[in-house]
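One structure is given here, and the rest of the page talks about it.
Chain naming follows the written order as A, B, C, D, E, F, G and H, and within any one chain the residues start at number 1.
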Amino acid sequence: EFAKIDRHRQLRTGFPEVIWGADKTPEQITKIINLMRQDDGVVMATRIEAEVYQQLKQTIPDLMYYPTARICALSAPKTPSQIGKISILTAGTADIPVAEEAAVTGELCGFAVTRLWDVGVAGIHRLLSNRDVVYNADVLIVVAGMEGALPSVVAGMADCPVIAVPTSVGYGASFSGVAPLLTMLNSCAAGIGVVNIDNGFGAAILAGQILRTAKKISR
Amino acid sequence: EFAKIDRHRQLRTGFPEVIWGADKTPEQITKIINLMRQDDGVVMATRIEAEVYQQLKQTIPDLMYYPTARICALSAPKTPSQIGKISILTAGTADIPVAEEAAVTGELCGFAVTRLWDVGVAGIHRLLSNRDVVYNADVLIVVAGMEGALPSVVAGMADCPVIAVPTSVGYGASFSGVAPLLTMLNSCAAGIGVVNIDNGFGAAILAGQILRTAKKISR
Amino acid sequence: EFAKIDRHRQLRTGFPEVIWGADKTPEQITKIINLMRQDDGVVMATRIEAEVYQQLKQTIPDLMYYPTARICALSAPKTPSQIGKISILTAGTADIPVAEEAAVTGELCGFAVTRLWDVGVAGIHRLLSNRDVVYNADVLIVVAGMEGALPSVVAGMADCPVIAVPTSVGYGASFSGVAPLLTMLNSCAAGIGVVNIDNGFGAAILAGQILRTAKKISR
Amino acid sequence: EFAKIDRHRQLRTGFPEVIWGADKTPEQITKIINLMRQDDGVVMATRIEAEVYQQLKQTIPDLMYYPTARICALSAPKTPSQIGKISILTAGTADIPVAEEAAVTGELCGFAVTRLWDVGVAGIHRLLSNRDVVYNADVLIVVAGMEGALPSVVAGMADCPVIAVPTSVGYGASFSGVAPLLTMLNSCAAGIGVVNIDNGFGAAILAGQILRTAKKISR
Amino acid sequence: EFAKIDRHRQLRTGFPEVIWGADKTPEQITKIINLMRQDDGVVMATRIEAEVYQQLKQTIPDLMYYPTARICALSAPKTPSQIGKISILTAGTADIPVAEEAAVTGELCGFAVTRLWDVGVAGIHRLLSNRDVVYNADVLIVVAGMEGALPSVVAGMADCPVIAVPTSVGYGASFSGVAPLLTMLNSCAAGIGVVNIDNGFGAAILAGQILRTAKKISR
Amino acid sequence: EFAKIDRHRQLRTGFPEVIWGADKTPEQITKIINLMRQDDGVVMATRIEAEVYQQLKQTIPDLMYYPTARICALSAPKTPSQIGKISILTAGTADIPVAEEAAVTGELCGFAVTRLWDVGVAGIHRLLSNRDVVYNADVLIVVAGMEGALPSVVAGMADCPVIAVPTSVGYGASFSGVAPLLTMLNSCAAGIGVVNIDNGFGAAILAGQILRTAKKISR
Amino acid sequence: EFAKIDRHRQLRTGFPEVIWGADKTPEQITKIINLMRQDDGVVMATRIEAEVYQQLKQTIPDLMYYPTARICALSAPKTPSQIGKISILTAGTADIPVAEEAAVTGELCGFAVTRLWDVGVAGIHRLLSNRDVVYNADVLIVVAGMEGALPSVVAGMADCPVIAVPTSVGYGASFSGVAPLLTMLNSCAAGIGVVNIDNGFGAAILAGQILRTAKKISR
Amino acid sequence: EFAKIDRHRQLRTGFPEVIWGADKTPEQITKIINLMRQDDGVVMATRIEAEVYQQLKQTIPDLMYYPTARICALSAPKTPSQIGKISILTAGTADIPVAEEAAVTGELCGFAVTRLWDVGVAGIHRLLSNRDVVYNADVLIVVAGMEGALPSVVAGMADCPVIAVPTSVGYGASFSGVAPLLTMLNSCAAGIGVVNIDNGFGAAILAGQILRTAKKISR
């Protein structure tokens, strides 16, 4: 028995356990998906490369795939069913896959997601002329590699929590995401929570938890 | 003019700019406090050692001091005026000063704060027998040094967002907080936002933002 | 003469020198296996990929292979012949190969091994509902990547020595196993000995030494 | 309530919780000692500087002090009451304080301890002419700073488990104990468990657990 | 003869060798100042603490001191004699000493310097409402600790070279200036040259070289 | 809309936004090139491998390629149109690709570029017998891997700004360019600005900004 | 002109410049070999993979290859012509390629070389029973990966200089050679000079310089 | 018995064991000096601060002190008695204490030592005009902090072995000597052996071993 599915999670948090695809064989992933489909809730796996999806699809024909996000799931995003709006921003074009991992996770979990790509601080006017995306959000996910400065600027404009996602985009002294990670942890702008490098999934779940708390409080 | 107070912040986020006391002279801190007292809202400074407070008090007689938290402020925590409950946990006794920085900040900003100290994972029964503190929270702040494993376990039990605060408590291979910082960033439990080492203040502001967004949505 | 087999080791410790396969050519491994088979005791090699095994098998037809553990050996595990029970736990599914390296090594050396996979701290109930595996052990090997918190929790429940094995499973700020390594070295739970990242083999030999000393004393 | 004493530990492991003195105020230490003295078992604190001990002694007159080990305790080592012999070795003179932390902890817990100081590998004849200390042990604790090579050599001679303790002794590229820590984790000699830099205490507790397991098995 | 003054430098670059005060005895500094005063050009020393200055002044009565910049010199800034305007910005109040090291060096070398303090990106409106300081410069020196994001934003607005100076201001994961250093090296905004952590002096000399080359070309 | 072209940059700095090719798909690069060709100014992309260029050329037949520099562009270097001379030096042969990235960028932007390859400090006579390349420059770009010492020596000879570019050339303790990066940041020779590891492009843009400032001042 | 051969080196040191093959194209290597063959002295290149050698051989038919050492040269080792004996030791089998780089370089330069492989400290008797190789040397090169402890032990037995070569052999916390590098730099045994990770070539040249100095002094 | 003096060392290598003073109490140092004075040969201790020397002198009246080198010894340097000349160079003034540790050690062991201070590469003419110190040496010790480039340049001029000593002199990104250490390990100039940061003593002993081997061979 190579996997123990955490079924409490769906009940407790409203979000299911999600399969981390990166270090599993296609056989293992198939078995877990089939086990999980018996339960209620979203069944999805992250870090699934296109070739792995092709293999999985042969025995799970109803499995869908979101290639930029590298996510596969048994269901598709529908009209948002949850309260609260998530805005997701990227600093550059190369950060989009991580941002899509967050976006698709959020949408599969029922949230409304707004995307704003390539508004990094080296051309601040691009962000300033899209201010409304920042102001309209209930929670912000800001994704950036290289120097990772975007969350600081966004948090200085926003009136809601900011989740900062460093990416491994960059070269040389970016050290595969260490540079933006440190930038985000050291931000002078308070009200930022940081997740692991390239962890779009975790950012979306945290955003979901934040919005879910809103619902709980309002009762 | 050595300081430009960010007066937008209070309006935008409901939380004031807070004075970072660590790298400023007492003269600088005094001037900034006096400038800020003309505005509405909380006036407070963090990282104030007891001796510095004694100096400040001479020219600002109504300044109060919270020694464990190393915070001074022009006002005291009152009956909570804001919606939402913050629970703050520590793994050990030595993590309390960082946790108090979070607690006092939260209370000065008007939130109800519950404290639970010394429930680290090496004696898991201590946490399990205080489960209600976890379950009753709307947002959790979990403070831990050394191996920093407490937020993972707590996030696996909670149904609300968890803010993880690594501390510099420890020795040897804890590298002044790097070990718990990495632990928290790598947590298998999704729904955790991490802040800088020893940053109790930032954790409280993020908690406040989460609860504020919750209030906004729930209207 | 590219290798000097350490024949004292079998006599001294009851465990043979084991061939580290990773940086050797198939020709070198074959020669060493043939040299060692002349002695008493277990002949085995670790870090053998499936293709390398296929090459070795052509000239050593009685060589067996344990693919998940990536171990090949001239003998198979039999009914345990040594005193003492080893329990091996993993935090996740992806940690299984390292844990199997420990398990197969232990079994080839004659010990009884109990396996418990995927009981990481992010869903603590999975561990709590398998408590007996912890309580029944004479020595515990706990294998974990990402945040590596499982050994701390296990050591807080166990009444026997805990050997902690960090794995390179994870991404981003896990830094190929550095994060769980630091977590384990900094554990607040005393009674933990740590081995190198992914070193399932070393953990099993240490467990064997512990049980062997126990046997020696108890006479 | 700043501290929750882990009373299960004495029952479960035979060893009490021990007070980590480094980040506590004398008042906190005093309160915890007085709480713990009501239980059975050893009451001790580590990382107590001489001046702190002088303060503690004023309200706890029966408190004893072991200055090199920087340990204070309510009891003294007596004739060994536990089964099994611990040998403790250091590479140099400067490693003695860490080794004494291990030795005094072991003795307070009832074990027989043999000390062998200053037998580092740069003059290997010093170790070779003290071979019997290695051969007579049931468990070995080997303490070394700078290059930290002693545990490798000792483990290559011993027939029992070796606990390796890196120390922060050294300068420059020893990086406060990182160099010997890495040396020990990478040892080619199997059967070594490593603890945190300067963690003599943890080494002694692990040694105790190992010997206790021996007792348990022999029943 | 403990010091060999580099007299070519003044001739070659128009800027003198400057005495690095931090690792020298007051006696050594005094001797070097007296040697250098025989030449033409500015005689100055950096990293001079107030107490050291008091000692130096006893034997060099005409020595002046700039306490925030920690610079002492035999001359004072005068009406700018060189072509080109340097603007110096800081992200926070605590970065001012490093910025003053740059400013006083620049002024002693004859340049016009404009100062703009505390305009970090967490409150971007503070920078935006001081745009003219950026637009009026011929070369910009941008000084920032913590996340160090200010140079990226400034370089995205400026039409002249930007010299980025990381400072050791911050705590935890700022690692004494490593975080802002990495941020600056990874900036998406091209046209930034980075100097060592806290190296205000080097930034001013580079600015001077840039303006001097400008003058040379423009002839 | 995956990319927001920063059209202000050409106007503001005289240099266009340049496409970072490394993390983009050929489709994305093609779309951006076609968008940018509608504007005035240079259209170029860096970090383009030969195979990617072959793909791009199929739909953009007038695209040119500079293989050593790994740059593709819609235009070729012409007779220099800008004021000021850039000299580019390398320490070794293996540093040439990074230096060519700088050289081609500089030439495409209209500057006169002089190349001097393989004059590293281990044979200082090679540099000393090419002194004129140093003396004739208005700005110097010095490219070095391994120990990265060349910029220090060059800056000690030059009378103009030096831009230092560390490269990832080397092995072992060069840590993919960290060693030369640190060397350059710590240079005793003042007047050096450092860019990211392998960032030939950024060095050329900074050189261009420096020369452009010269032009501006001289008006 | 992509390469400037350092012809002074042969005259000055008695050893030629040697071509570093790793970052050069076969065309570049061919051109440099042909340039250098016009001079006196050894012509050789290091870090040449077998396939590269096959390419080079087509245009340079008299080029010889030493596959384990990954060296190609225009001449073969002959009867030693130089004064002084070099002994080269490795800790393990996997360190042999680096040791052979040193051995072949030494032999091509005319020195007598004795090889002793696989005598690491984890089985110290293997070294002790080969003591004469240590005692008969005029200079020792000791090559070790993983924990890298062999040079310390050897230097404690030898009466001649020891050159320590860390290798990238190992896994996990060996960090590609950092662990043995630190071990060697921190050795308690004085009289050790360390070279870069995997730098067998540099060790041989240093050994040659040492023996050459002997010759010089004796005149 | 806290110290085991390695008496073989004097016999074997011609150089005595030397007392490392930094982590020992004055009582320990006194006892060891008194033990060692009974043997033949030099008795000396390094890393002795002035106050410690004052304490030692009270019970060892014939103890001499070399304050810049921080060495105390029972004898003084005399007319050189050993064959071979050591030249010691520093890059800056602040490196002198480490260089003096090497110089005094060399002189106490009987060698002729030439000193050349403050000839760092940022003003290369200072080195070039002192060429003879390089050419006249039989072995060179080159001491440098900050960027640590001097050994590369010197080794490119010298015809004898170069021992490179990185120092902790510098700030910011010199990381207490890591920057020059990496520079020296990565030097393109072959024939350099590196010792630990600030290890002037070890450099002198290695120089002594080199000259001793030279003498042995030349017989």
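Rule of thumb we're sticking to: a residue touches a chain if its C-beta (ideal position, glycine included) is under 8 Å from a C-beta of that chain, and two chains touch if they have at least 3 such contacts.
This is a predicted model, so every value here is computed, not measured.
Although chain F and chain G share one sequence, what matters here is the overlap of their interface residues, and that overlap falls short of half of the numbers used.
Of all chains, C has its CA centroid at the greatest distance from the CA centroid of chain E.
One inter-chain figure worth recording: chain B and chain F are separated by 46 Å, centre to centre, where each centre is the mean of the chain's CA atoms.
The geometric centre of chain B is 36 Å away from that of chain D, both derived from CA atoms.
Annotation for chain H: residues touching 2 or more other chains are 6, 92, 122-123, 156-157, 172-174, 178, 181, 185-186, 196-197. Contact annotation for chain pairs lists A-B, A-C, A-E, A-F, B-C, B-D, B-E, C-D, C-G, D-G, D-H, E-F, E-H, F-G, F-H, G-H, with touch applied as defined. Within the complex formed with chain B, the residues of chain A that make contact are 6, 12-15, 18, 83-84, 138-139, 156-163, 181, 185-186, 190-197, 201-202, 205-206, 208-218.
Residues of chain A touching chain F in their complex: 92-94, 96, 117-119, 122-123, 125-126, 169, 171-174.
Against chain A, in their complex, chain F makes its touches with residues 1-4, 6, 8-9, 17, 20, 22-24, 28, 166, 168, 176-178, 181, 196-199.
Chain C contributes residues 91-92, 120-124, 146-149, 152-153, 155-157, 170, 172-175, 178-180, 182-189 to its touches with chain B in the complex.
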